[in-house]
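Next come the structures, one after another.
Two complexes are shown next, each including chain A; its partner changes from chain B in the first to chain C in the second.
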Partner chain A sequence: MTRIIGRLDVKGRRLIKGIQYEGVRVIGDALDYARKYYAAGIDELVYIDAVASLYGRPSMSQLLKDTVEEVFVPVTAGGGVNTVDDVRLLLSSGADKVAINTGAIRNPSLISEIADRFGSQCVVISIQAKQTATDKWEAYVECGREKTGIDVIEWAKEVEKLGAGEILLTAIDKDGTYRGGDIPLVQQVAGFANIPVIASGGIGSVEDVSDLIDSGYADALAIGKALHFERLDMASIRQAVKNTKRGE
Partner chain B sequence: MKVGILDYGAGNIRSVFNAVRQVGFDPVLVSDPFELEKHSHIISPGVGNFGYVVELFIEKGFKEAVRQYIQGGRYYLGICVGMQMLFQGSEESPDVTGLGVMQGQVRKMVASNHAVVSGKEQSGGRIKLPHIGWSEILPESHVIDKPCPLLDGVGREDKFYFVHTYTAVPELPEQLMAITRYGENRIASLVGHENTFGTQFHPERSGRFGLRLLSNFCNLG
Partner chain C sequence: MSLFTPNGRVHRLLTRLAVENLLHPFQPFILGQKNLAPKIAAQNDIQLIFYGENEAEYGNPVSDMSDAKRSWEYFTSSKDEEMFLGGTSVAELYDSFGLKKVDIDPYLPTNPDIIEKTGIEVHYLGYYLKWHPQSAYYFAMENGGFQASPERTAGTYSKYNSIDDKIDDYHYYTTFIKFGIGRTTYDAAQEIRSGDLTLEEGIALAKKYDGEYPDRFEKEIFEYLSINKHEFPVASKQFESPTMDKNYFMALCDQFRSPHLWAHVGGQWKLRHQVWDQVYDESASSEWSGNR
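Moving on, here comes the complex of A and B:
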């Protein structure tokens, strides 16, 4: 039941990846990777446009259109979503859900507007969490570049009330490090949220996969770098998921 | 076969369109109710709020037209809310009525804090809503004697993608083709009555077995 989601951070049509959101490098063509993960049996894909929020608008509609012609699993699109019209554009380009971070923090009522119009199931709130003290995390925006002063746990409760359907929780401190997920963070959010929580950041081994599920209570995992660089393959991830307490 | 996909302003039209093309058909988007009669197979996608979808249906003149299309005995497949709409009504939007092609109501599922799924403990002990994820569909016993044509080539272990908070509760057991378990919920995942079918899951987002089911539907008749 735990979903494995391929996370593709993109710049234009290129797949990129950085370490802790800094030092970005181009890995290849995003669609090639999307195809490859679909063929390998991925449960879902997430595209995050890493530069869109700088320009204030989403720009991946062609990439989405091309992707959904060949990929028949759910696709989430995020980056630069600020208005109901942005959401409409992404959904009509083929996205099943949209991921929103900055736009929701600036204007929390956007969450309810989208949920009312298109349904909660298509609202994924992306939270970028940076640890500030033991068991305390602050929400960041602009791909981890800007702090907001907002407490992650409080924000997670708030977005659920406003009608979010899922939370994509990225541990900035772990992202791209292969050092394992932020278990206490994921536990705090996924253990108490009444909506599914997708844990992202730090996965580098099958043990990290099992830990996030068994100890972090993650409902789904978003894996980027470890898949892109073939450090992990779908078969071993599935096996790890199967061996968790929750089972496949 | 002339496959039409209802385009009434809601739903993931593009993914259904692409999936039908992928299995070798050339679907047409149907936005005018008078065009329905030109088709042998109609697929109704649907996501979001039951009441909102029904209102759009009424606004575009589809509600009566679809009822007549179905009564005419041609093939119809409702997906997600498109399936829920085949029933009489939904707890989600008590002020509107569904198509009433199948008997029963759509009810909210039960979330729980202490749950066991497929004999295994849920980590965190929770069954969350919406139900999002890949699950098996279990054919009902009458389907084992008389297989549902949509499940041709689909095995018991094959999983489909679900995303929903409500589930239909069919009153007539013979219309329930397959169920899916989620916590204590018994989801009506596949329903069928004569040439009308409904899936709570999204075949167009369910990888190759979803495509197989769509292919089975489009090849009926």
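Moving on, here comes the complex of A and C:
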């Protein structure tokens, strides 16, 4: 089954969206959108706190508590996760999984520590991939602002070894553009990964959905802007998934 | 359409002088930007000139915004001898730096008599239309295939505004030295005014990035600012150190740190007052409604 995940980037409790991680705008109340996607039959939700890394700590525990009161699909929470305690706070607030980018790049052993303590099933490594050449991507941190010099493919291999349970792979160049996903990027990572790869960034049409699955071999799709602005609805996404080679 | 390309060597010398005397690497660029349009208009019998946003957006007095028109005092002068370029008198540029009238003409303001006779008016578009860089980013993205910069601009968090000029990095670094506010403060202040950022996030960003030394184009900029004897046989003799390097540049910077802004503490320069010294509430974004 190909999971469809609603991606909600937030600042505080506000749902936000930019283009290529820039020019962020407020869309509305995050919880309203979470409810709406749950009612429409979404498989999972992911909250990414866009300012948590800047402030150096996760800040969405109340939003999570409020969300899981009403939304009964797995919820992943990310942003500003630097320690095992940060993970504990998010999980105890209702998150089923945590997404980690900046904290894991700064301290890769954090991945193993969390996996050992809480299990790999709750460790989603978020990778912000910026294309630097043909078939070459660099991992960025802090909302696509900071370069790391780390090759995305190498990093994806390492996080799997360290105990990550899933990879949330966002193409910075495609983010918020509706120009389609980064097929070669997703294909390369999904090609070797034995853990699920969630493709994110650029989805604006049902063709983009089927391309990422049929050509990119994505295990799941995280869709943000196209859902927020009702460019796509769950029924047409489901239909597109059903028509892929994998089906359903 | 008129395109004017300045003499690159003259522009380079004036830029170096502006750094040396004023710590203002952007001055020659600004002079061209401000002075050329009225001159070209006068030559071509054009009555109306539009510029973009008002300089008050970058800290000039807000009272400048009360009129659509730009004051002529800024760009008219009756006597060349009264003029300074890059902190150097025009007479000295002729006598000691080997420049001729034709070299500096593009940088000099229009004669006020010509302006009066022709009735040229200079207006700001920002007076009529809301100036909002983020909206321009969205428009360029959606209609022109624009791409955000692959890296944030040195000294700030932003990747989409004013990314067309390498000297910009040093312009904002020197504003940080001279005025205690760097590019992050300018960018964040504008985005807070526009509703794109909360005050708290702007302050956190300033704490993180303001005054960051811009090393990404350092080599190229210092080569540009070095006045060597082969390309500048006359002018190169006028500099204590014709070669610009980081040591020299930082020593220059130290001469331009205003004592009421900077303190030398434990061998380090530190701003006496920083916006992030005050306590702020990071959760305030719950009320944030954005720029719509």
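List of remarks:
One rule holds for everything that comes next: the second predicted complex is superposed on the first by the 248 of 248 C-alpha atoms of A that agree within 3 Å, B and C clash if a C-alpha of one lies under 4 Å from a C-alpha of the other, contacts with A are read in each partner's own complex, and residues count from 1 in each chain.
As a working rule, contacts are C-beta pairs under 8 Å (C-beta built on N, C-alpha and C of every residue); 3 or more make two chains touch, one makes a residue touch a chain.
None of these values were measured; they are calculated from a predicted model.
Counting the residues of chain A touched by each of chain B and chain C gives the higher count for B. In the superposition on chain A, no contact is made by A:Asp211 with either chain B or chain C. When the two structures are aligned on the shared chain, A:Met1 is found in touch with chain B, with no touch to chain C. Applying the stated contact rule after C-alpha superposition, one finds that A:Leu91 touches chain B and leaves chain C untouched. By the touch criterion stated above, A:Cys122 is placed in contact with chain B alone, chain C being left untouched. Residue contacts after overlaying the shared chain place A:Gly191 against chain B, while chain C stays out of touching range. In the superposed model, A:Thr244 lies in contact with chain B only, and not with chain C.
Contacts of A:Lys130 after superposition on the shared chain: chain C is touched, whereas chain B is not.
Residues 134, 137-138, 141, 147-148, 150-152, 157-160, 196, 198, 201, 204-205, 208, 282-286, 288-292 of chain C touch chain A in their complex. Chain contact summary for the complex, chain A toward chain C: residues 11-14, 16, 19-26, 51, 54-55, 59, 130, 132, 144-147, 173, 177. The residues of chain A lying in touch with chain B in their complex are 1-3, 38, 41, 43, 65, 68-69, 72-74, 91-94, 96, 116-122, 165-166, 190-191, 193-196, 213-214, 217, 219-220, 244-247.
By the touch criterion stated above, chain B contacts chain A in their complex at residues 12, 14-15, 18-19, 22, 47-49, 111, 117-118, 120-124, 126, 128-130, 132-135, 161, 163-165, 202, 204-208, 210-211.
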